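Pasting the structures here.
Each of the next two complexes has subunit A plus one more chain, namely subunit B in the first and subunit C in the second.
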Partner chain A sequence: MALDRKIAYINLTTGEIETKPIPISIRKKFLGGRGLDMYLMYNHIKPGVDPLGPDNVAFVSAGILVGTLASASARTHVAGKSPLTGFVGSTNMGGFFAPEMRWAGFDHLVIKGKAEKPVYLWIHNGEIEIRDAKNIWGKTVHETQQIIREELGDRDIKILTIGPAGEKLVRFANVMTEIKNAGGRSGMGALLGSKNLKAIAVRGTMDIKIAHPAEALDYDKKVITQVTSAKVSQTQGRIGTPFIWGATNTQGLVRVRNFQLNQLENADDVEAEAIDEYVIGMTGCFGCQVHCRAKYIIPEGPYKGVYDEGPEYTAQGAFAAEPGCRSTLTILVGNHLTNIYGMDLLETGSLIAWAMELYEKGILTDKDTDGLELRFGNDDAVIEMIHRIARREGLGDILAEGGLRAAEKIGKGSIKYLIHVKGMSNLHSDERPTPALALGIATASRGSDHLRSRPAIDLYHLPEPVLRKIYSQPVAYDGPLTSDYRDYEGKPWQVFWHETCYEAVDCLGICKYHTTFLGATLPNFEEWSKLLYYNTGLEMSPLDIWTVAERAYNMERLFNLREGLTRDQDWLVDRYFDEPTKLGIPGIQGKTINREKLKKMIDEYYEHHGWDENGVPHPETTKKLDIDKEPSHML
Partner chain B sequence: MAKETTSDTTMESLAKGRSIGAFRCLNCFERVIPPAGAKTYKCPHCSFEWRVFWISPTFPRIRGPVWDVNRQLAAEEVRKQRKGGK
Partner chain C sequence: MAKVLMIDYEKCTGCRLCELVCSVKHEGVSNPTRSRIKIVKWEMEGRYVPMSCQQCESAPCMVVCPVKAISRDGGMGRVEIDYDVCIGCRMCIAICPFGAMAFDTLAKKVIKCDFCDGDPLCVKFCEAEAIQYVDASMVSAVKQVAAAEKFTGIMQKVAAAIATV
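This part shows the complex of A and B:
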């Protein structure tokens, strides 16, 4: 059945491997994927460990619905203590890896220690081998997968790998699978690199028995219709996530030239429709009908003819808005390079833009940049800096340490211009006009993060009765809600609701684009309750699933608090409060975040969680969620 | 215990209010319907002008602003707001 997949403990120092079943009691409390990883993380990582030392632990997992008939049940989750922030490290990616891992017999891998020499794991039908990786160490993400498939003689093997950036311990290195499925943010690629673990290859033919197959098939068809009929899905399937730019840059909600402007004017070549001119088709992840991933060939320059996939909305920010560039080609090439190096493009672009502002202000000089003219709008400099960061050359070596460490090394007041939360760079969204989005990045568990709790539909001006329907289930809510994204009222509930929704979808292993993230009519708790029952046999109400997500998010909070998180770190940098927006539609010009109102929103957000004024869960909260005895070491 | 599959969930019922062929003006947020195939569209409520892309022949979306028009309108509106002490 769908719940019989195992957990494997792999010690790379000793070579010992142990497998265990996952007790149903733990399943009911955390489901799988991110939720169960958070339980494991709190139990297996000792407080205060060096994130790049052998005592950190890497967790690789599949959500509980992955590989079943549920649509878009493709997600792989990777966790550990973040080398970038020192707090929760957690990343989630699509592709085909996690379903294959389940078919190979495993739901969760707990990887401890450090291999003496580079290795990779080969997992197939219940067996796990540790193999020599000398042939793939130093290879790009794309090369590595090709070599492993050839070495093992099976082109259907699915591979999770790091690229050269992970090997070089770039603190925001990704784990990657396929051409561009990226597990970004929080540096899980560096974590695997620190263990000398280059890749994990999986192949399985162990069927997952569906609990109620006929009903599961029928119900999944219904959910597929619900997803594919949504306007947002049709748009994504046509032009991918770059479609978001049409709403955000148009209004002036984009972070430009680091944080100096909020709109990239006259940037028609950055728009989704301009990128679309180079797209040769769309493709998708396992079990998904939306197909939001573009396939493209680089049209000119040194990389002419190279195939890649994407770019996503984040690439428009990283390689256009933030560094103030306006070239489609820079977006296509920047996306390709970060894919093959295995490096978080969002962090990369943000740090390059930061360095550009430092250069233009004279804090960095030609001596620091080895003669590179690091000015805004210099496309060549952006591409050059991607190479230097991935290879840890010159200034690139400093930026590879992440913003906070780099600011410490550069000094001269450089930290004033760094746009981050908890040491992680922001997405290129400008949240000064949108208090709900600002609250989300200020409080997110893994640092500044648009994927942890962002109420993106707040930008849609949905009528209040519609908002009321969405946000009053599965938990009743009769507080304020407002259609105006510039308001502060009611936004803490929206952030809390989305945070819980996204945690739940990550426990299930379903893509966020199939829930209430970018589309207001996409499935959530009610649909998931049925999908879970038909596919796995687990009977859980919408409210039960909500509670699992709340429990898992509290585990993240407890982990961060144990690592020294304080309320002061649930906060934004001063520029949000002191520098008003200058461009865009009239309604958002001159906007800043109000400090007092943000403080009040944070208080309210803590209250929704059942946390005290310092953001610490009340004893009754942990008791209610049945995590008051953690770490319990039950698994 | 079988779960009932026929009645609409909250999200399915919300989907019934979906408007095809319309988009919200990104300045005044009124719902507007551009003529089929239009490349640009001026909002009848606020005069902001948008470049339009068609996802399908019946499904328009805003690609971006008509930069010069909207920049001027925004400047005028901001000037008015400041004069009015808003």
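This part shows the complex of A and C:
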């Protein structure tokens, strides 16, 4: 059945491998995926370890509904202490890896130690083998997967891999699978690289028994219809996430020239329609009817004719808005390069834009850039810097260390211009006019992030009764809620609610685009409770699932606190408070975040969590969530 | 008129939901190796092709079967296996030109598409409409329209280009 998949402990130093069943009691507390990874992380990583040393531990997992009849149940989760932030490292990606890992018999991998030389794991129907990776070390993400499939003689093998960036320990290197499924943010690719672990190949033919097959088929069809009947899903399926660009850039909600402007003017070539010219069709992850990922071919230049997938909204920001560029080609090529190097494109673009502002201000000179003219709007410089970061050459080597370490090395007040939270770069969205979104990035457990808690539907000006309906379940809420995205009122609850919603869906292994992330009518706790029962037989109410998510999020908080997190790191850089927005529609211009009001929002957000004024969970909170005795070393 | 599965690989997004619903419907499990339909992928080119039984008029499996376990269902027009007669010799798998006959190693039996007895789930779940269940006579009609549309589209583009010269 869906609950009989195992956990494997793999020690790369000694070569020892042990497998165990996952007790039902632990399942009920953490489900799987990110939730159970967070439990494991708190239990297996000793406080204060070097994130790139052998004592850090890598966790790879599938959500508990992965591979079952739960619309878009495809997600792989990877965790460990982040080489970028030193706090929670956690990433989630789509594709076909996680379902295949479940068909091969496993839900969770705990990878310890460091291999003497590069290796990869071969996992097949309950067996795990550590194999020599000399043929794939140094290869790109795309090459690696082809070579492994040829070596093992099976074209259906699914592979999670790092690229050259992970091998070079770029602190924001990704884990990747297939063409462009990226486990980005927080540098999990560098973690695998530090262990000399190039890839994990999986293939399985083992049944996942569905608890109630007929009901699961019927209900999945209903949920799929619920998802695909939403306009936002149809737009996603037609054009992908680049559709978001039009609305946000027109309003003035994007970060341009690092953080100097909030709208990219005269940028027709950055629009979704411009990118769509090169799109040859749409594709999707396992079991998904939204198919939000574009397939494209690079039309000209040194990469002419190369196939890739994407680009997403993040690429429009990373390779256009932030560096002040306006070329479709730069977006297409930048996306391709970060895919094959296996590197977080959001972090890459953001750091290049930061370096450009430093160059503009004379903090970096031609000497530092080895003659590269690192000015805003220089497309060639953006592409060149991607190569240099991935290969750790010159200034690229400094940026590869991540913003905070780079700022320390560069000095000269460079940190003033770095746009980050907890050492992780912000998305290209400008949150000065949107307090809810600002609170979200300030408090996200893995550092600045839009996928941890962003109430994106706050931008829709939904009527208050609709907000009330969404945000009053599965736990009651009768506090304020406001439709205006520029307000501060009621936003802490929205952030808390979305945080819990996304944690839940990451435990289940379902894609966030199938939740209340982008559409008010999309599934959440109510539907998940039924999906869980029909597919696995586990009887858990919507409130039970909410509690699992809250428990898991508190484990993340406890991990961060143990690693030295303090309240002042749940905060934004000064430019959010001191420099008003200059462009955009009238209601957006002249906006800053108010320090006092943000502080009040954070207090309220902590209260919703049951944390004290320093962001530390109250003893009654951990007791209520039954995590007051952690680490309990049950698994 | 008998219906057939009409496959338009250009519409396939490669999500493999058809494999999942097929294995759940027939075996109560999620396991693509036990599905009667399979998406063959060229992942590095973004090309995906659904492969399933073509219900051939002159079916090699039917001819080769040494115990005559394979026959045509008069009502649905499908090629079907009589499991009471089948000896599991796999000659049908060897001869099928499409690889549409599979051997389920867990149930130890040959499996193939049975149209879910008239309501194919792969069709029901494929919103991209890459797989459709249509009258056999409709297949070429649909393709004719699609091809004609492409052709006239090109003609119109050419005409427009000439007009602007």
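One rule holds for everything that comes next: the second predicted complex is superposed on the first by the 635 of 635 C-alpha atoms of A that agree within 3 Å, B and C clash if a C-alpha of one lies under 4 Å from a C-alpha of the other, contacts with A are read in each partner's own complex, and residues count from 1 in each chain.
Keep this in mind: contacts are C-beta pairs under 8 Å (C-beta built on N, C-alpha and C of every residue); 3 or more make two chains touch, one makes a residue touch a chain.
This one's a predicted model, so the numbers in the text were calculated from it and none came from an experiment.
In the superposition on chain A, no contact is made by A:167 with either subunit B or subunit C.
Residue contacts after overlaying the shared chain place A:604 against neither subunit B nor subunit C.
In the superposed model, A:630 makes contact with neither subunit B nor subunit C. In the superposition on chain A, contact of A:230 is made with subunit B only, not with subunit C.
The larger set of touched subunit A residues comes from B, when the choice is between subunit B and subunit C.
Of the two partner chains, neither subunit B nor subunit C is touched by A:431. Legend: residue contacts after superposition of the two complexes on their common chain; A:473 is shown touching subunit B, with no touch to subunit C.
Once the two complexes are laid over each other on the shared chain, residue contacts for A:449 go to neither subunit B nor subunit C. Touch criterion met: A:142 reaches subunit C, while subunit B stays clear of it.
Applying the stated touch rule to the two superposed structures, the subunit B and subunit C interfaces on subunit A have no residue in common. Those residues of subunit B that touch subunit A in the complex are listed here as 1-3, 5, 9-15, 17-18, 20, 24, 26-27, 29, 48, 50, 53, 55-56, 59, 61-65, 67, 70-71, 73-74, 77-78, 81. Contacts from subunit C toward subunit A in the complex involve residues 10, 13-17, 20-21, 24-25, 27-34, 41, 43-46, 48, 105-106, 121, 124-125, 127-128.
Listed in rising order, the residues of subunit A touching subunit C in the complex are 2, 67-69, 96, 99, 103, 142, 145-146, 155, 178-179, 205-210, 213, 216-217, 220-221, 224, 228, 280-289, 291, 295, 307, 309.
Touching subunit B in their complex are the following residues of subunit A: 212, 215, 218-219, 222, 226, 229-231, 234-235, 238-239, 243, 246-247, 249-251, 265-266, 268, 271-273, 460-461, 466, 469-470, 473, 516, 520-524, 526-527, 529-530, 533-534, 539, 584-587, 589-590.
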